[in-house]
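Common to both upcoming complexes is chain A, partnered first by chain B, then by chain C.
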Partner chain A sequence: MYRSQKLSLRYFGAAVALFGVMIVFGLLSALYYLHPSLLFDVFNFSTSKTLHIDTLVIWLLMGFLGAVYWYLPKELGREVEGMWLAELMFWIFCIAVAIVAAVFIFVQYGSSNEFTLWFINQGRKYVEAPRWATIGIVAVMAVFAYNVVATCIKAHKMTGIMWVLVIDLVPLLVVYLDAFPAITNMSVDLYWWWWLVHMWVESTWEVLIGCVMALVLMDVMGTSRRIVEAWLYIEVMLVLGAGILGLGHHYFWIGTPEYWLSIGGFFSALEPLPLLGMVVHAIYDAGTHRMKTTNRPAFYWITAEAFGNFIGAGIWGFMMTLPQINLFSHGTQWTVSHGHFAFWGAYACGVIAVLYVAKQQVSGVNFLDGRAWKWGFGLLNLGMIGMVMGLLLAGMAQAFFGRAIGGSTLMAFTTASENPWFVSGIYARFFFGVIFAAGYVVLVYDLLTAPKHLPMPQATPEPA
Partner chain B sequence: MKPEATGSGTIAARLDLQDPLFWRAGAVSVTLVMIVVLAFLSVDSMRVISVGGRNVPNYDVINYRIGYQFDWSRKMDVPVIGGAQPLFGKTVTEAEATALMDKGKLVIQSRNCMNCHTIFGNGAYYGPDLTKSWLDPAWSQIWMPMTGKATREDAMVEFLMHPDKYPTWTRQMPNLNISEDEARATVAYLKWLSAIDTNGFPANFGKANTSR
Partner chain C sequence: MTPQALLETAVLLGFFVLAGGGYAGLYSIGRLRANIGLVRAGALCWFTAFGIALVVAAATPLDAGWKLFILASALVYAAIPPMTWRYLERLHDDHSPEGAGQ
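Presenting the complex of A and B:
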C-alpha cells in the first residue's frame, strides 16, 4: 500500500465521522420544526443548521481528497510527491474543523464587526466558517493541487482522467476564494456567492466525482480506459456546457436582469442530460459485464450514485428550474428536498462506493460481499427517499398555500407552515431521518468489520 | 479498434462515440465558449445590480416611500419609489445611508440571520423571507400594537432587539443581543432591500387576505 493510500484511509475515517456529526445536527435541525421551543435562546436552529450543512461540505470534500489520494499512485504508478506536506495538512484540516465547530457551538455569533467575520462566523450560507479557517481550507486544497500536479510531473505520465482532474483543480480553488468577501450590496454578494455554490456543486465537483467514478469503474468492473475516458469527456462537455450558464437559474430573483429568466431556464433545463448519460453509462457497463464485479457493495453504491445523481439532481432540479415554477417553489422545503436528494445521489453515494473499494484492498479479499452492507444500503436509501418525499410534499404545500395563494407575507408563511400537508411532510422527514441514521450505524459497523473470504464468482474481471 | 466490451452493436459502438480525442476537443471548446459568454453576461449584470444601477437603487432610497405594485407591461410586481418618507423621521445623506447599510449587512452576517431566514429566497427556511419584510402588513397589524410603537420602523427596532418578547406563533425568533444601533441599521437595510427590483419575486406580496 502506498503512503498516500494510508493518508486516504485517514481522510475516509474523518469523513465518516463528520458524516455522523452531520446526521446528528440534521436530526436536531429537523426537531426544531416539530418542537419550536427546543433549546430556544440557548442553541438556536441557525447554529444547528449551520453545523449540519458545513459538516456536509467538509465530509464530502474529505471524501474526495481521500479518493484522489487513493487512486493517484495507482493511476500514475508511483508514490505521491510531497507526502509529508499532505500529511501535515490533514492534521491542520482536522484541527481547524474542530476549532470552528467548537466556536459555532459555544460562541455561535458575534457583534457586527470584522472580528466576528475573522474569528467567529461569516454568516454566508455554506461558507459560514470564519476567515482564518477559510484560509486553512485554501491551504489544504493548494497542497492537494500541488500533490497531484507534482506527481504527474515526476511520473512523466498523464492520462486523460488526470488531465481532467488537474484542470478541474483550477476552478475548484479559484471559486473558493469567493468565501472571503462581505459585500454590502446583497445582490452583488449573492451573485458571486452563487459562483461558489453552484459552480462547486453543479460543475467542478460534478467533474471531480466524474473522474473518481471513472477510476472506480475501471477498478471494480474492469471497464476499459478508452470507454471510460470517452464518457468522461462527454460528461465534462455536457456538464459544463449546460452547467456554466445553468448558473442562471439562481439569478432569477436576486436583482439581476430579466434575460437570466430565459438563459437560466433554458440551460439549466439541459443540465439533466449528462446525468442521464451517466445512468446509460452505468447500465451499459453493468450489461457488458453481466453485473459481475469483485466488489458488490461498491458496485451497488456506484449504481446508486448514477441513479441518485440523475433523479435527485436532474429530475428534482428540473422540476423547479423553470422560472414559472421557481417563482413559487424558490426557497421552500421543495428546495430542501432537491438539495438532499442531489447531494446524496451525486456525491455521498459516490464517496461511499470508494470507501468500499478501500475496504476491499485493506482487508485483502478478492471478492467483497456479505449481508450487513445490504442493510446499510437499504436503510440509508430508504431513509433518504422518505425524507425527500416528505419534504417535497411540505414544499409543495408552501409553494401553493404560502406563495401562490398566500402572497409570501409572514401571515402566509405561518399559514402554510400550519397546513396539514406541510406538517405531515415535516414529521415524515424526522421519521425517515431516524431510519437514515440507523442505516449510517450499520454502514459504519460494516465498514469496520473484517469481511469473510468468499469464493470468487466465475468470470469476473481481475481484481485491482 | 474494438474495445473488449462484449456488447457489440450498442449505440456507442455504432456511432463511433468511443474516440476520446474527439470528445476532448468538444469538451474544451464548449467549456471555453460558455465561460466567455458568462463573462460578458456578468459584466452586464454588474452594471444592473451595482448600487444605483437599473435594478438596485441608491442607499438613500430609505428617505422615500417604497411600494410594490403589479406592472402590466412587465407582467410582474415591481417596487415603486414614491415621495419623501424619511426613515426614523430623519433624512440621511448618501454617505450616512451607506454607513447604515454597511452596518446592517454586518449585523445580518454576524448573527447568521441567513441560516433561519431567506433574502431574495436564498438562505434557510425556518423563518419568513425578508425580501419584502419592510412592506409586511404584520408590522402594522401585529407588532405596532404589540410593542406599543407608533411607527413601523420603531416597532421593527423593538422587535429585532427583543424578538422573544413579541412572538406571533409557536416558531419564534430568538434574542440575538442586537443593540439599538445595530437594529436601526438592520431596519434601514431591510427598507433598502425592499426597493430592489427582483423580477417579481415574491409574487402577489401582501395581496391575499389570509387569516389564521
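Presenting the complex of A and C:
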C-alpha cells in the first residue's frame, strides 16, 4: 500500500467520525423543532445547526481528499509527491476542526467585531469557521493541489481524469477565497458568499465527484478508461454549462438586479438535463457489466449516487427553481428537503462508495459482499427518503399557509408552524432521522469488521 | 399565483422531471435487455412528461416565457436518452471488445 493510501485511510476515518458528529447535531437540531425551548440559554438551535452543516461540508471534503489521495498513486504509478507535507496538513486540519468545534460549543458567539470574525465565527452559513481556521483550510487545499500537480509532473504522466482534476483545483481554491472579505453591505456580501457555496456544490464539487466516480467505475466495474474519460468531459461541459449561471437561483431575493430572475430560472432549469444523461449512463454501465462487480456495496452506492443526484438535485431542485414558485418556497423546509436529498445523492453516496473500495483493498478480499452493508444501505436510504418526504410536506405547508395564504407575516409563520401538516412533517423528520442514525451505526460496524472470504462470482469485470 | 396554483404548479414541475427520468430509465433498461415493452413504457413516460408540459402551459399561472421553456424542455427530453445511448454504444464499439445488452 502506498503511503498516500495510508493517509487516505486517516482521511476516511476522520470523515466517518465527522459524519457521526453531523448526525448527532442533525438530530439535536430536529429536536428543537419538537421542543422549541430545549436547552434554552444553554445551547441554541443556530449553534447546533452550524455544527450540523459545517461538519457536513468538512466530512465530504475529507472524503474527497481521501479519495484523491487513494487513487492518485494508482493513476500515476508512483507515490504522491510531498507526502510529509500532506500528512502534516491532515493533522493540522483535524486539530483546527476540533478547536473550531470546541469554540462553537463552548463560546458559541461573540460581539460584532473583528475579534469574533478572526476567532469565533464568521457568520457565513456552511463556512462559519473563524478566519484563522479558514486560512488553515486554504493551506490544506493548497498543499493538496501541490501534491496532485507535483505528482503529475514527477510522474511525467497526465491522464484525462487528472487534467480535469487539476483544472478543477483552480476554481475550487479561488471561490473559497472570494467569500471571506468582511463586506458590510448584506447584498454584496451574500452575492459573493453564494459564489462560494453554489460554485462549490453545483460546479467544482460536481466535477471533483465526477473524477472520483470515473476512477471508482474503472476500479469497481472494470469500465474502460477511454469510455469514462470521454463521458467525464461531456458531463463536465454540461454540468458547468448549466451549473455556473444556475447560481442565479440564489440571487432572486437578496437585492441583486431583476435580470437574475430570468438568468437564474433559465440556467437552473437546464440543470436536470445532464442528470438525465447520467441516469442513462448509470444503467448502461451497470448493464454492460451485467451487474457483475467484485465490490457489491461500492456498486450499489455508486448506483444510489446516480439516481440520488437526479432525484434530489434534479426533481427536488426543479420543483422550486422558477422564481414564481421560489417566491413562496424560499427558505422553507422545502429548501431543507432539497438540500438534504441533493447533498446525499450527489456527494455522500459517492464518498461512501469509495469507503467500500478502500475496505476491499485493505482487507484483501477478491469479492466484497455480505449482509451488514445491505442493512446500512437500506436504513440510511430509507431514513433519508423518509426525512425528505416529511420535510417536503412541512415545507409545502409553510409555503401554502404561511406564505401564499398568510402573506408571510409573523402571525402567518406562527400559524403555519402549528399546522398539522407541518407538525407531522417535522415529527417524520425526527423519526426517520433516528432510522438514518441506525443506518450510520450499521455502516460503521460494517466498515470496521473484517469481511468474509467469499467465492468470486462468475464473469467478474476485467481490470481497466 | 393563488395558494392552490402554487402547489399544483410545483407538483406538476416535479412530476415533469420525474416522468423524464422514468423515460430515461425505462428506455435504457429496455435497450439493455432488448425488451421493446420497456422501451414503449419509456415512451409512455415521455408522453406523460409532454402531457404535463401541456398542462403547465395551459393551466398554470407561470409567465409565458417559462411555459415555452417547459415545452421546449419536453422536446429536448425526448432526444436525450436515445442520443446518450447511441453515443455510449459508439464509445464502446470504438474502444472495447464488449458491447451492451447482448
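Just so we're on the same page, the second predicted complex is superposed on the first by the 460 of 464 C-alpha atoms of A that agree within 3 Å, B and C clash if a C-alpha of one lies under 4 Å from a C-alpha of the other, contacts with A are read in each partner's own complex, and residues count from 1 in each chain.
Keep in mind that, in the parts below, a residue touches a chain if its C-beta (ideal position, glycine included) is under 8 Å from a C-beta of that chain, and two chains touch if they have at least 3 such contacts.
Keep in mind that this is a model prediction, so the values were computed, not measured.
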* Asked: Between chain B (first) and chain C (second), which, if any, makes contact with A:288: first, second, both or neither?
  -> both
* Of the two partners chain B and chain C, indicate the one touching more residues belonging to chain A. => B
* Go through the superposed model and pick first if A:276 touches only chain B, second if only chain C, both, or neither. => second
* Given the touch rule stated above, what does A:252 touch, chain B (first), chain C (second), both, or neither? -> first
* Partner chain in contact with A:404 - chain B first, chain C second, else both or neither -> both
* In the superposed arrangement, which partner chain does A:224 touch: chain B (first), chain C (second), both, or neither? -> both
* chain B versus chain C as contact partner of A:371, first or second or both or neither -> neither
* Once the shared chain is lined up, is A:328 touching chain B (first), chain C (second), both, or neither of them? -> both
* For chain A, give the residues common to its interface with chain B and its interface with chain C. => 224, 226-227, 230, 234, 284, 287-288, 327-328, 404-405
* **Partner chain C, residues of chain A touching it in the complex** => 224, 226-227, 230-231, 234, 262, 265-266, 269, 272-273, 276-277, 279-281, 283-284, 287-288, 310-311, 314-316, 318-320, 322, 324-325, 327-329, 396, 399-401, 404-405
* What residues on chain B touch chain A, complex-wise? -> 3-7, 10, 12, 17-20, 23-24, 26-27, 30-31, 34-35, 37-38, 41-42, 44-46, 48-51, 54-56, 74, 98, 101-103, 105-116, 118-126, 128-129, 132, 136-138, 142, 164, 168-172, 174-177, 179, 182, 185, 193, 196-208, 210-212
* To do: Flag every residue of chain C that touches chain A in the complex, lowest number first.
  => 1-3, 6-7, 9-11, 13-14, 16-18, 20-21, 24-25, 27-29, 32-33, 61-63, 65-66, 69, 73, 76-77, 80-81, 84-85, 87-88, 91-92, 94-96, 98-101
* Structure fact -> Contacts from chain A onto chain B in the complex sit at residues 32-33, 36-37, 40-41, 44-47, 49-50, 108-113, 116-117, 120-125, 128, 160, 182-191, 193, 224, 226-227, 229-230, 233-234, 236-237, 240-241, 244-245, 247, 250-261, 263, 284, 287-288, 327-328, 330-333, 335-336, 398, 403-415, 417-418
